[in-house]
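Pasting in a structure now, in structure tokens, and then I'll have a few things to ask.
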Amino acid sequence: MALTREQMAQRVAREMQDGFYVNLGIGIPTLVANFIPEGMEVMLQSENGLLGMGEFPTEETVDADMINAGKQTVTAVKGASIFSSAESFAMIRGGHVDLTVLGAFEVDVNGNIASWMIPNKLVKGMGGAMDLVAGADNIIVTMTHASKSGESKLLTECALPLTGKGCIKKVLTDLAWLEIEEGAFILKERAPGVSIEEIQEKTQGKLIVPDHVPEMVFA
Amino acid sequence: MAGFDKVVTSYADAMAGLEDGMTVLAGGFGLCGIPENLIQEIKRRQTRDLTIVSNNCGVDGFGLGVLLEDKQVRKMISSYVGENALFEKQLLQGELEVELTPQGTLAEKMRAGGAGIPAFFTATGVGTPVGEGKETRIFNGREYLMEEAITGDFAIVKGWKADRYGNVIYRHTAQNFNPLAATAGKITVVEVEEIVEVDELDPAQIHTPGIYVDRIIQGSFEKRIEKRTVRSTD
Amino acid sequence: MAGFDKVVTSYADAMAGLEDGMTVLAGGFGLCGIPENLIQEIKRRQTRDLTIVSNNCGVDGFGLGVLLEDKQVRKMISSYVGENALFEKQLLQGELEVELTPQGTLAEKMRAGGAGIPAFFTATGVGTPVGEGKETRIFNGREYLMEEAITGDFAIVKGWKADRYGNVIYRHTAQNFNPLAATAGKITVVEVEEIVEVDELDPAQIHTPGIYVDRIIQGSFEKRIEKRTVRSTD
Amino acid sequence: MALTREQMAQRVAREMQDGFYVNLGIGIPTLVANFIPEGMEVMLQSENGLLGMGEFPTEETVDADMINAGKQTVTAVKGASIFSSAESFAMIRGGHVDLTVLGAFEVDVNGNIASWMIPNKLVKGMGGAMDLVAGADNIIVTMTHASKSGESKLLTECALPLTGKGCIKKVLTDLAWLEIEEGAFILKERAPGVSIEEIQEKTQGKLIVPDHVPEMVFA
């Protein structure tokens, strides 16, 4: 079975380490915050200028001046800091964020990512995504393995305009955990009950299948 | 003598000198920390052919969105636009030009503009449409784009508290692009919730020193929330 | 779990990993806001062949000056040096190399290093010895130099108060280069006068967010005054 | 009579305007602060990170953490702000300081200034001087007109290594107030009792002498 959105978030959360500063994109990446192992401390960076994003406020504590990069009202945790957009992207561009998780339309065997623009559709902008992929060493892309019509999103070469070039090394899809090395996707783990054949079929770019590909386990 | 007293008492005075064709830098992220009343004053003045530099362009009927209603904006320089239908319509009809700029690059361009740095290099956008036509260069084996600074004829800024010398602090995440815009306007206008006594702000805790600020006005603010998300209290 | 607790309790731990030949960025201006005890620890360790990036090099027997005594410094990158005789002697004898850098360019180089900006343009130094061998370029009819960023293996920083997450504030003009150095060290060590509870510092008023800081240590400081100037009280 | 240091400071102070942000260099420029006309407000910027430098502290209020760019203990005025060196030079480089006053060894007819380095003497560094001259539109150089041995400091071309190129338009010496325009020094005012001949004799660079050159008046 393909992973649910929650399972995808859960799998990504296993990549967290105690003391990590993490930037989570909109969508599935945001859900990752719900699955951080108990007792582990991570601090969420929101690129509009907040390090230490907390949970949503209550009705009583909603504050228009306290939002995240998704423009949602949020709170700040103890030990948070708040700063300008220039300072926020100094952190991001300067490589100070330990892990960035974001969605994508396509990823290719050279680590290119396309996530912001579909030609001939209205383009709303890249926001902070280009800075995030250029600034982070450690990025996890989360997306479905193939489109609804069955077309692979793991390609030999991205067809859509890029968000970043040669910057992606880890991809979690609803079918598999893959790492990108030397021009190929390495199949590291597969979703429970998903066959290697299905993954191969839905991966257009070069796929390397090691002898043993463990299934992910979810509690 | 007037000295450093930068307080003006009407929005007309606050935006005096704004002319057709000018470039205006605006603080704010989404609808958070936007200079609501200064934007309304630009609408009231019906100044046209403006280039607006702002991370976003408001929503239909609020924030910078109101400047679209009478087609006052010629060009937007933003990282993310299109939270409103009118924007989309004018864009598709070719009545509005958009220069999409990565958020961090946009922030740095404003900071550079204020800091006398005409250009800088960043890895952001290399190999993407943002890099097209821009000079690239290798440093330590990695490719970077050269990006040029942005300055404005006006900067419009929303602060929390300011003194009459123009020292400003921002509240929570309403800081965002505001201090950057403040440094890069030929004329920088800051509207705030409260004007405080000159010795009330801690000198070491001022976000925007008064040297960057030309006019200060006290206003009242709707502070509309774009995405109200709450948790239950039980 | 350790989480974000960055407090170390000995200066030996604070500077663990410092090796011969490394580059160390130091905060401080003159003797104001210098990481006195971290400098003493470098002396104690007898680490050699260091490149030190700091606006000044202390005085005889205090501040970075103490690292000259045993010839631990190979190269200084500074805007103003020579407040001490030993420095002058080593320089003239060719035992010490100095790269003089304009103060504003030095500050911006550190900021750029921390912010992932590999190079930037500035008018400072055009047509002077500082510009020799550097690329120049015209923007809007004016000539600018390209200057490259600086990063360090270590940054040593003096703060006023910090929490155990590494959020730091500085006191008065002891801020100077400290927050810049803090961003640009692979390992950033901050010594402070007081470690406070994690929720004691106002999030919107933190000078150095904890993300830049690897180690925090509480110390006691002599705070020597370089030029004591006073007015009479009558 | 040549101007005293105090008279030089007094003359420079007349260039102040109410509401000016001013950076004063070490030496004579520092004295200017003592002659700011009553009722006029100017704010002094000190490049180590202080806008709104006040007078020296009392014995009781001396604070090692509150110094100026000359490393002297100072105070802050009401409405001061304190910031990092990067922010301080953003102000300076960005042209936000209204007036900069500094000393020099030499100035030439093309507005070049040499103030920091004498070859074969120990060079201690340029500090913030290069940023100040490159960043300000409005600079006044204060220096003696000639060296003690009588050699002119107002030259056709600076002989010493430059601090800045083509950035000086106003010079106050102990003998005269001069402005630099189109490759020449324009003699605007002369010190009380100093002859035009003396000024001509001590000015090596091209000097333009208008029909009327008023004497400075000091109360």
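A, B, C and D label the chains in the order they appear, each numbered from 1.
Everything that follows uses one rule, which is that a residue touches a chain if its C-beta (ideal position, glycine included) is under 8 Å from a C-beta of that chain, and two chains touch if they have at least 3 such contacts.
What you are looking at is a predicted structure, and each value in this text was computed from that prediction instead of being measured.
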Shared chain contacts [subunit B and subunit C, defined touch]: A, D
Option in B-D, A-B or A-C whose residue-number contact pairs overlap C-D by over half: A-B
Farthest-lying chain, centroid of Cα atoms versus that of subunit D: A
Between the pairs A-B and B-D, the one where more C-beta pairs touch: A-B
Approximate Å spacing (C-alpha centroids) for the pair subunit A, subunit B: 29
Centre-of-Cα separation between subunit C and subunit A, whole angstrom: 35
Mean-CA-position distance for subunit D and subunit A (Å): 55
Shared-contact residues (touching 2 or more other chains) in subunit A: 76, 82-83, 89, 92-93, 135
Residue list for subunit B, restricted to those that touch at least two other chains: 108, 111, 115-117, 122-123, 171-172, 175, 203-204
Subunit A residues touching subunit B - in the complex, by the definition given at the top: 46-50, 55-60, 62-74, 76, 82-86, 88-89, 92-93, 112, 117, 122-131, 134-135, 161-166
Residues of subunit A touching subunit C in the complex: 18-19, 21, 39-41, 43, 45, 51-52, 76, 78-83, 87, 89-97, 135
Interface residues, subunit B side, partner subunit C - complex: 108, 112, 115-123, 137, 139-140, 142, 144, 148, 169-172, 175, 203-205
Subunit B residues within the subunit D interface of the complex: 1-4, 111, 113-117, 163, 165, 167, 183, 198-199, 203-204, 206, 209-212
Contact footprint of subunit D on subunit C as seen in their complex: 29-33, 55, 78-82, 88, 91-92, 100, 102-108, 110-111, 122-130, 160, 171-180, 207, 223-233
